[in-house]
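Take a look at the structures below.
There are two complexes below, and they share chain A, which is joined by chain B in the first and by chain C in the second.
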Partner chain A sequence: MRFAPPPAFEGEAGYRLLPMRFRRLPWDENRVLVTSLSGDWILMSCADFARAVDKDLRRDEPLFADLQARHLIVADSATSTLAPLLSQYRTRKAYIEQGPKLHIFVVSLRCHHTCAYCQVSRQPLGQSQFDMSGEAAAYAVERLFEWPARELTVEFQGGEPLLHFERIKMLVKAIEIRNRHEDRNIRFVIASTLHDLTDDQLSFMRDHHFDLSTSLDGPEWLHNANRPRPEKDSYRRTLVGIERGRKVLGEHAVSALTTLTRRSLEAPLEIIDEYRKLGFHSISLRPLSPYGFARKTETRNGYPIGDFLRFYAVALDHLLSVNRAGYFMEETYGRMLLGQLLTPFSHGYVDLRSPTGAGLGAVVYDYDGTVYPSDEARMLASMGDRSFALGQVDQPVTTWLESPAMQRILAAGVAETLPTCADCAYVPLCGADPIDHLARQGDTIGHRPTSDFCRKQMGLFDLLLERWETGSGSDRQILESWAHRATRQEAQPEFEAA
Partner chain B sequence: MATIRLSIDAGLFSAEVIARTAHRYTDRFFVELTNSDGAYAIALTSKQDDVDLTGIEGRFRNDALDEHLRERIRAETTDLHVSLVQAALRQAAPTRPKS
Partner chain C sequence: MHALDAKAFMGGWTGPTLVKVAGLSDFAEGQFPIERMVLDLRTRARQHASAALTALPWAGFLVDGPEQAPEGRPWVALPAQALTVEAGDAIEVRPQTNKVARRYRRSGNNNILFATERCNSFCVMCSQPPRDIQDDWRVQHLCDLVELIDRDTSALTITGGEPTLLGQGLRRLIEHCATHLPQTHIQVLSNGRNFGKGIPAATFAAPHPSLIWAVPLYADHYALHDYIVQSSGAFAETVRGLYALEEARQRIEIRVVLVKPVVGRLPELARFIYRNFPFVEHVALMGTEPTGFAKAHRDELWIDPTDMQESLTEAVDYLSARDLSVSLYNLPLCTLPKQLWPFAKRSISDWKQRYLPACEACEVRQQCGGLFAWVTPEWTSRSIHPIKGTHLCASH
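Presenting the complex of A and B:
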């Protein structure tokens, strides 16, 4: 038997472009980031990119193979399959297949703090009318099991949820009884200041495998300034709560998040060093959101998103130096974005989804029985705008999905169809946030050139990609280790802190 | 407020390319677009006094070239893009829990 000569296997001459987007690199305007439909990408010179679009590439040059491997071009549509590209796309969007995994139960709005940036519109300690009733809680359990997800995260929030712990106990027991025949994998989380945590509460949490999420804004002076209590001892109480939680539930069961006020932006190194001192291997550096008391105090505590990005760049460099010194520590949002950039997998973070995670990735059961598609929608409602309420907890899930609120969210909830996003090289890795745009810009679609959400996303993607490309070999390894941790935590939605 | 005026040959770029390019400048500028005598006239008026106008005209012209490239890619790939997304998500129907 004789094989035909090599030209017989080459197929049709030329090649076809596949869907792609590009962006000039801010740190090197002569090169571009080019992304595929599914978010695979390559960095290349503008001249090479122009040749690729002009169909001037030769089949025997390495760039041709690179672009084909990343599904940016296809050599011969008669003999090539696009099945791997479809598979990649489905993998990237796997979060849409099972509906909401994150279910937030707001058991009380009462709180003993008076934080100026509170996004929730907390209520005074004695106001028990802001507690979730037993009837609303029972309905919420029914609704929880109407969703199809096999993995469910049940998060208890407030106010301060520990102030209505009896309702948490009732909910956990009801969920576990129902789950005996539902057989879902359920994870319980409580977002709390951890102040006034009792031994009985900790025992209950240990018995039901709770994770704890708390807020720690940095060193004592900063935490106490951001989170005032009449006794001026918020930092000390938080540390006591963290230690007690770790002792009973285990080191890894307790995580902390940072909310950044204007004064926080002056202390990136101190904040990170505080987390290291306390033995945390993870930190979340979150800019303020425009909700609740945070909006009322915006002129005092707020800042332009450019200031946050400058803060983040300094913080990232310090985190890299901490890691180089042998102490593993990651930033959670950066981890999520790096996971998008450096792995092909889906993730559990509801703010980075397209279609949006609001109502499709998360549901909030408020204390009064009203249901919202996200915590931000609940916060908007507390400010008087209830237009994103999906319905009441005694209605079936299908009624919520057909609600005008959900239709409005979906109409602006696919990033790939939004003005400017549609052409953005980062859109396969990014998300849509119509509720945030309504809160900031008065419109669910929003205006990207002035969107803080867009500036933050683009700024962080650019920063992380630049550090990954231009950093030392060890920096690159550190960033890649964050990305792969994001992959391992894919099934677990990110949760909020108190 | 300072205004930058520039003219671009309408034979080289579509109106959509110029509009998409100009939209990116609406964070810092009020934008006016007109088309007459075979050329687009673009006026960018800064929204604030302290906007740095250095290099804006050259940047706009380069951005128009990038938008032109995007238009070419869209023209070749939009139909395929829609077909691929539909094919990929056809299997993404929600799974129902066991009754």
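Presenting the complex of A and C:
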């Protein structure tokens, strides 16, 4: 019979390297992480890596097949194919298709809190000139449907959006009427303290399938210290709001976010245990952003990013032990990074994309009719730098996309082209944040070695990869379950809290 | 050829004729034209046939002997135990060779439409060795057969050879299935290579409401896959074919035959599938069928399922943890670790399935797919033994 042995199918001798990046493992300096163009990867010894790069690999060693399968080398390019690499790349970057899905409506800047870390520059209760006008709202609905995305998330923010609930009702009704012909899948979210939630508001939210996103900073002492109201009862009111929201909208409709102040960094276990006590299966541990009032109070509330990373490592270990004990709880940012590492899929998180999610993944319609590419851009504007305003809500979206602001964002918005990022092993899994870099470093491109954004990203990627690799089998399983859950909740945008 | 045939006695036929065997209920339901049915007059059929009934324009009669048939009408008689034919089955009567071939079994769990003997691969373990012959006539033949298949048949498999070599003929066949068998699940076994070579997958896109392409993939890199299918460049074509099918919004299953070199990189293949083809609906991991070319390559191909437990468990756990549905075919339960039992399917067609003497005392025999009828001792796992004192875990 005319059968040929395996060597007959090996193709021409030798192999070529495909684009790759590498990083020596901080926890084992004899090994490297090597990533492909599309973010597939492998861990191997430095010696093997050197042999691979020097074209010294033998055909019969498993590593030769491993590196082909992860699209790091190609043997006999006439017989092989790069189709999977291209497909992975398209899948990974799928978030750029269809345009912005997250649409943030700032219905009012008023708020009854006086949080020192407020990123938004809230206004006192009586000031109705800080409410979104009916005219601006009507234009914003027009604009919403000019975008091509089939799936839209409409998020109401403030200030405290409940203080201008009439506007929310008007917007929801206008959007739903328009959608009878548009037939998009629309999801409504409100980012609120949930304080003073009325029965009417709740039943309206139930009827229109709202999700609630609130802020809970941890146990009572910490929450009240971070989020002062004159009555000193923010924690109690938030708990009441969560409870009522769950009762009317369902257990899964209510999520909470934690903003970490310097005080919080000393209480990782207490914060997580508080969330567990309240029955949450998801927690978001967010460091302070350098915007709004947070900027002014930085010396009191702020901390170096290294302190955050040390906090996060302790928190992660505690979360793993909570999971090992049989209670599922994930950290949302870690889940998203693990999804990047451990799955081939795209993600819905707008702050970690390349090209950047600003203006391409999200749009903010501010109370005064100004439009911004991200929440951070609106916060910068409230601090006096309006250079990232895309335009006004009565202009068509094409005008916004052609604006100098958008050009400036895009020029620094592709991580693969930025200095230092271009050579980083994590870049296929990471994102560009030009507005954050402008806010922190005064420049949209920024300087990576001194960038807090970069340190946070690298620190978390390193930490999660290390725990995944060196942890017990059950720890690895837990981290993988976070990643797979991330991909199951199809491109769900992360919320910003009021 | 897959369909079974047998010598038979017959008379009155003018040429090869495809007919459905009619019981009285088939007659009463009136779904099939009388001219395309043979009336079953055999003693075992025990149906009372009046003169008025036999006078109808039947294509012929299925009888025990010629004396049962009405004078001057075509008849066919099958020797005892030659071939089981029952009401609802479709048979082909071939007077030149005095043979009857069974093309469809009403009670069968795995009816096939055999599309072509030609293939563009030449797999080392092929159970159905290809022949390079011109058999485009099968398209019309299969379309005729489709018209005689029960409307409520749950599933059919279009196989070969490589069905896409029929080109537009395959589309015609699928469209014919869509017209006559819209509720039947159609599975097409194809290596997908033609879709990677420029024949647009959209040629076949969605004319049938329930159709899935089952495409074999044997490795995470070209050299091993190309060796298994004995065809240089096949891996690249199949990979591109999978993407073409996905782009045409087709449903896809990936099939892996568990021969020794493939098992050697099975966990890596599972990872490759997840990372590169996460859109597939199902992954089938299948024990080797010891027939055809496989018999000639026993030393290169055979691995006792007992020795693949570790790789198999790792691959199944990996895929199922990632929401990729996975099944095990052709592997007896006693050769699998118990945690894999929920994934094992009774996959062997009933007419090729058998059990060994050791299976007599087994408590899970009812759940077990058994072995291929042509299994020999050298293709039999050392782990075959009766399972006792245990209960099948139905869920996982």
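Everything that follows uses one rule, which is that the second predicted complex is superposed on the first by the 491 of 498 C-alpha atoms of A that agree within 3 Å, B and C clash if a C-alpha of one lies under 4 Å from a C-alpha of the other, contacts with A are read in each partner's own complex, and residues count from 1 in each chain.
The rule is simple: a residue touches a chain if its C-beta (ideal position, glycine included) is under 8 Å from a C-beta of that chain, and two chains touch if they have at least 3 such contacts.
This structure is a prediction, so every number in the text was calculated from the model and none was measured.
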item	value
Simultaneous placement of chain C and chain B on chain A, clash or fit	fit
Partner chain in contact with A:Y89 - chain B first, chain C second, else both or neither	first
Which of chain B and chain C A:P419 touches, first, second, both or neither	first
First (chain B), second (chain C), both or neither touched by A:A4	second
From chain A, separation angle of chain B and chain C (C-alpha centres, steps of 10 degrees)	100
Contacts of A:H484 with chain B and chain C, given as first, second, both or neither	second
Which superposed partner A:E402 touches (first chain B, second chain C, both, neither)	neither
First, second, both or neither for A:L17, with chain B first and chain C second	first
First (chain B), second (chain C), both or neither touched by A:T81	second
Partner chain in contact with A:D233 - chain B first, chain C second, else both or neither	neither
Shortest span in Å between Cα atoms of chain B and of chain C, once chain A is used as the common reference	11
Contact set on chain B toward chain A in their complex	20, 23-27, 66, 69-70, 72-73, 76-78, 80-81, 84-85, 87-89, 91-98
Residue ranges of chain A in contact with chain C within the complex	1-6, 8-11, 40, 59, 62, 65-66, 68-70, 75-76, 79-81, 83-84, 87-88, 91, 343-345, 477, 480-481, 484, 488
Partner chain A, residues of chain C touching it in the complex	122, 124, 219-224, 226-227, 230, 232-233, 235-236, 239-240, 243, 261, 265, 268, 271-272, 274-276, 278, 293, 296-297, 321-323
Of all residues in chain A, those that touch chain B in their complex	16-22, 24, 37, 49-50, 53, 82, 85-86, 89-90, 93, 96-99, 145, 148, 150, 182-184, 419-420, 423, 447, 449-450
